[in-house]
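Should a chain be cited, it is by its letter among A, B and C, assigned in written order, with residues numbered from 1 in that chain.
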Amino acid sequence: MNPPRPYTLDEIAERVGGAIRPEGAGASHQAGAARSESTGLTGVAPIDSAGEGSVTWISDVRYEKYLPGCRASAILAPVDFGATPMPAILCDNMAASVGRLINLFAPETPTPPVGVDPKAHVDPSAKLGDGVRIGPFVEIAAGASVGPGTALHSGVYLGAGVEVGADCRLWNGVVIRERCRAGDRVEIHPNTVIGADGFGFFRDPDLGQAVKIAHYGVVEIESDVEIGACCCVDRAKIGVTRIGRGTKIDNLVQVAHNAKIGENCLITAHSSLAGSAVIEENVILAGYAGVREHARVGRGGVVLAHSVVTKDMPEGCVVGGIPARDRRSGLREMAAAQKLPELLRTVKDLKRRVDQLENSADDTQAG
Amino acid sequence: MNPPRPYTLDEIAERVGGAIRPEGAGASHQAGAARSESTGLTGVAPIDSAGEGSVTWISDVRYEKYLPGCRASAILAPVDFGATPMPAILCDNMAASVGRLINLFAPETPTPPVGVDPKAHVDPSAKLGDGVRIGPFVEIAAGASVGPGTALHSGVYLGAGVEVGADCRLWNGVVIRERCRAGDRVEIHPNTVIGADGFGFFRDPDLGQAVKIAHYGVVEIESDVEIGACCCVDRAKIGVTRIGRGTKIDNLVQVAHNAKIGENCLITAHSSLAGSAVIEENVILAGYAGVREHARVGRGGVVLAHSVVTKDMPEGCVVGGIPARDRRSGLREMAAAQKLPELLRTVKDLKRRVDQLENSADDTQAG
Amino acid sequence: MNPPRPYTLDEIAERVGGAIRPEGAGASHQAGAARSESTGLTGVAPIDSAGEGSVTWISDVRYEKYLPGCRASAILAPVDFGATPMPAILCDNMAASVGRLINLFAPETPTPPVGVDPKAHVDPSAKLGDGVRIGPFVEIAAGASVGPGTALHSGVYLGAGVEVGADCRLWNGVVIRERCRAGDRVEIHPNTVIGADGFGFFRDPDLGQAVKIAHYGVVEIESDVEIGACCCVDRAKIGVTRIGRGTKIDNLVQVAHNAKIGENCLITAHSSLAGSAVIEENVILAGYAGVREHARVGRGGVVLAHSVVTKDMPEGCVVGGIPARDRRSGLREMAAAQKLPELLRTVKDLKRRVDQLENSADDTQAG
């Protein structure tokens, strides 16, 4: 797990898209700067555990307390950040710069060697691209195809006619059932299931019991999609369940039959789309959020945690609650709810006072 | 994926349980009818993408806009539906008729060939029925039995003494631990786990830590049950965790130790039954619904999404919320909650007015 | 599944930590006592199904109705429990005594035989301790180590450099990715995924799309931890995602990158910790509870079902709701909410009465 190589401070600044703070702006850091010049920067670590030679970052005032004791040889900080005991690279987009910094030192991820492991089970009619990496205990069924450079870790299953594009990575135990398709650079984490039958039944009036509806549609996963572990993306009854290009899905997420997910969405753990639900591009679902059958969330919409979208929501919405409604009204209601016990007392008191006033009024009129 | 064979309009009507609309009732469809007579109906497709030769359906006015441009050669519609540009089969139970229509054109699902794959690992003491289909990387432990016609896709595990009935289908990666039982025609989707230990511990006063309670009961899955992907059905401590005949379970569902599920229930994704919870026959759990330890939902009850049933609920109930209560009171509370911010203002105003009235009354009395 | 051996009543009392009720205190049980002396106690069963020769227990008055017809030869009961038709062992900690009773009769759990199954795939550089039990279709990658006595059921995957301690049990389909570590006596249930990449992306301003942040930290699972089926414990970005010694995790739980779980916590099904969330020792999360990014729950805290902890919560807290707040205020608000429809009517009525009073006051003043 050695990082690729040491970097100089200048290189780091360039790679992360920041600027080294000019001399004099942070008085105490000369010794650190000298060290980093001579030895090179060899890794990245959080501010509370970074050692000499490493680069760290600070984005949040809560972590300032670690700054005096921090031994990192360089630090990424926001452009308006004060003096630091080590050379600072000032960044106007901290999230992007920290992301790039971490990626800069990433070791290579272990991958099965190029070729087909003798313990795999590959149908002779399957088509394998150049440089595929097929681990042990993988099954590739008849007519399936695997694009060049794609890695299938041990225990993956590709059903008949499945198509997986180039440079994908399917982790251990991933199941993709017959005829489903994935584009290029798709990554799917362990034990996720693509293309299982949707949850569709009808009550047969003659038989008096639930009868399964056959699901012979497919799942289509566009390029650059990432799907977490233990997710379920069901195949369409007929037609397609679609996950748009660039969308990222966390763990334990349910995508039901015929759902449509637009491009570049972010879907957090334990969320779900019910049958034929639609989320347009750039939608964010927070944890445990659900979108009900046939409901739609417009592009750029945000659904807060533990909410249920029961009807169509417009572009750019921020909605929460069960059923989900505009966040501001939701927050107002929530704030009001916290005043309820007091309100009950106030009303009780008012009632008593009005009773008295009415009695007095009667007296006055009587008198 | 070719459908079994083309059907005539008469055959479709008979199979779906509908009636061809009498001549003259839908004026514009003669050309389509003629086409379907000559070529046969070869598939099914949604109204917005159906091509010539296919059958479509319409159950919802939202989709009427697609009707004029639809090229389907026949359509299923409710009995009171207006004229259509293609021959219509009128159905008094659309859900059942559409379900049958889809099933009519279903291709065969890929299945391992009859026999035992040489890459499987089957204990010599296991009993395999006629026509079983055992894929690669399957393990069948000592004393397990697999009924005739049952298919185990690659990566399935059956523990010691497990009994699986006839004509079942266990998809890839399904795990059934020792001594658990499944009836006939049971289908379990990939990576679901049957019979793992329940979540049961006691705090040992001598050791001062949690000690695991052994779980040596079983799971019993009755016939005609279907269980989705990535579900967990835990074995009983002692005794049985039971799933009743004909019950259908969606993905990512948790059924804890000693829970009892009646016949013909429908359990939606992300739901859960806690330890020893009971749902009687024909109960429906919507998404993320939970039933707490030892609580019971009476037959035919419905638990709404994201609810928690904390105590026994009667037959035919419709309950929601945390804790779950009768839906109508829940809806009234929810409607009231939306009026809360306004109510706070009203009460504040009333308070001011009552203050004034009291002051005036004092003045009046004083005067 | 025969229990190890029969026990006498005295032995049972000693093992469960109870005391046999003195003669005369339960008049009707002499026959049962005689039976148990002669034949021995051979098993444990619930009160509604226990047969002769078995031991049962009663902790809850709801089950008293089963007592008269119960054929068990001995019963565990609380110290103040009334007469029983069979000999009673009185216990001052029923939960612990029943747990010990169940464990006393537990059969051995089936385990792969000692050695490495020829259908496993073990890298020559892996280090295997004495007495390891490696099932078929297991992959152990380069440099991984498995401690003595540890069992890996079929289909387990250990990535490069993974370290698993002594006497662990990893069930079928468990995936542990590269460099993650588990202590001793760790048990992980089927299809759980340890060390998948966390859900971390940054929006690259130059590319205009989400870019994955590499995750090259690890997961560290301390000794005596148990993790349920279909759970996801993501690796840290950098650093460690930690699960403290003795913690028990139910099924379908999500633990995001860099989360920290203290010792002896109990985490119920469908719960989740978001990125860098912290729960201290002895915390309990009920079902579907979530702890948001960077939020912390103090030691001994309890988070109720379907709640979201959005900010730090103190030691010993009991919190619920979305966002989670002190349970007592939550319960007060909930009780108040149920009075809302009535409150709306009351306020409407008050408003009418104040209108009248104001009119009268005007009249009075005018008069």
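The rule is simple: a contact is a pair of C-beta atoms (placed from the backbone, for glycine too) under 8 Å apart; a residue touches a chain by one contact, two chains touch by 3 or more.
Note that this is a predicted model, so its numbers are computed, not measured.
S.K.: Validating interface symmetry: for the copies chain A and chain B, is the fraction of residue numbers used by both over half? Same or different.
M.R.: Different; most numbers are used by only one of chain A and chain B.
S.K.: Rounded to the nearest 5 degrees, what is the angle of the rotation that puts chain A onto chain C, matching CA atoms?
M.R.: 120
S.K.: What whole-number Å value describes the gap between the mean CA coordinates of chain A and chain B?
M.R.: So the centroids are 26 Å from each other.
S.K.: Mind pulling the chain C residues that touch 2 or more other chains?
M.R.: Where chain C meets two or more other chains at a single residue, that happens at 119, 137, 155, 173, 191, 230, 252, 270, 288, 306, 337, 340, 343, 347, 350, 354, 357, 361, 364.
S.K.: Using the touch definition up top, name the residues of chain B that touch chain A in the complex.
M.R.: Touching chain A: residues 1, 17, 44-46, 49, 93, 95-96, 98-100, 102-103, 105-107, 109-110, 117, 119, 135-137, 153-155, 171-173, 187, 189-191, 224, 226, 228-230, 246, 248, 250-252, 264, 266, 268-270, 287-288, 305-306, 337-338, 340-341, 343-344, 347, 350-351, 354, 357-358, 361, 364-365 of chain B.
S.K.: Where on chain B does chain C make contact in their complex?
M.R.: Going by the criterion above, the answer is residues 119, 121, 137, 139, 141-142, 155, 157, 159-160, 173, 175, 177-179, 191, 193, 196-197, 199-206, 209-214, 216, 230-232, 234, 237-239, 252, 254, 256, 270, 272, 274, 288, 290, 292, 306, 308, 322, 329, 332-333, 335-337, 339-340, 343, 346-347, 350, 353-354, 357, 360-361, 364.
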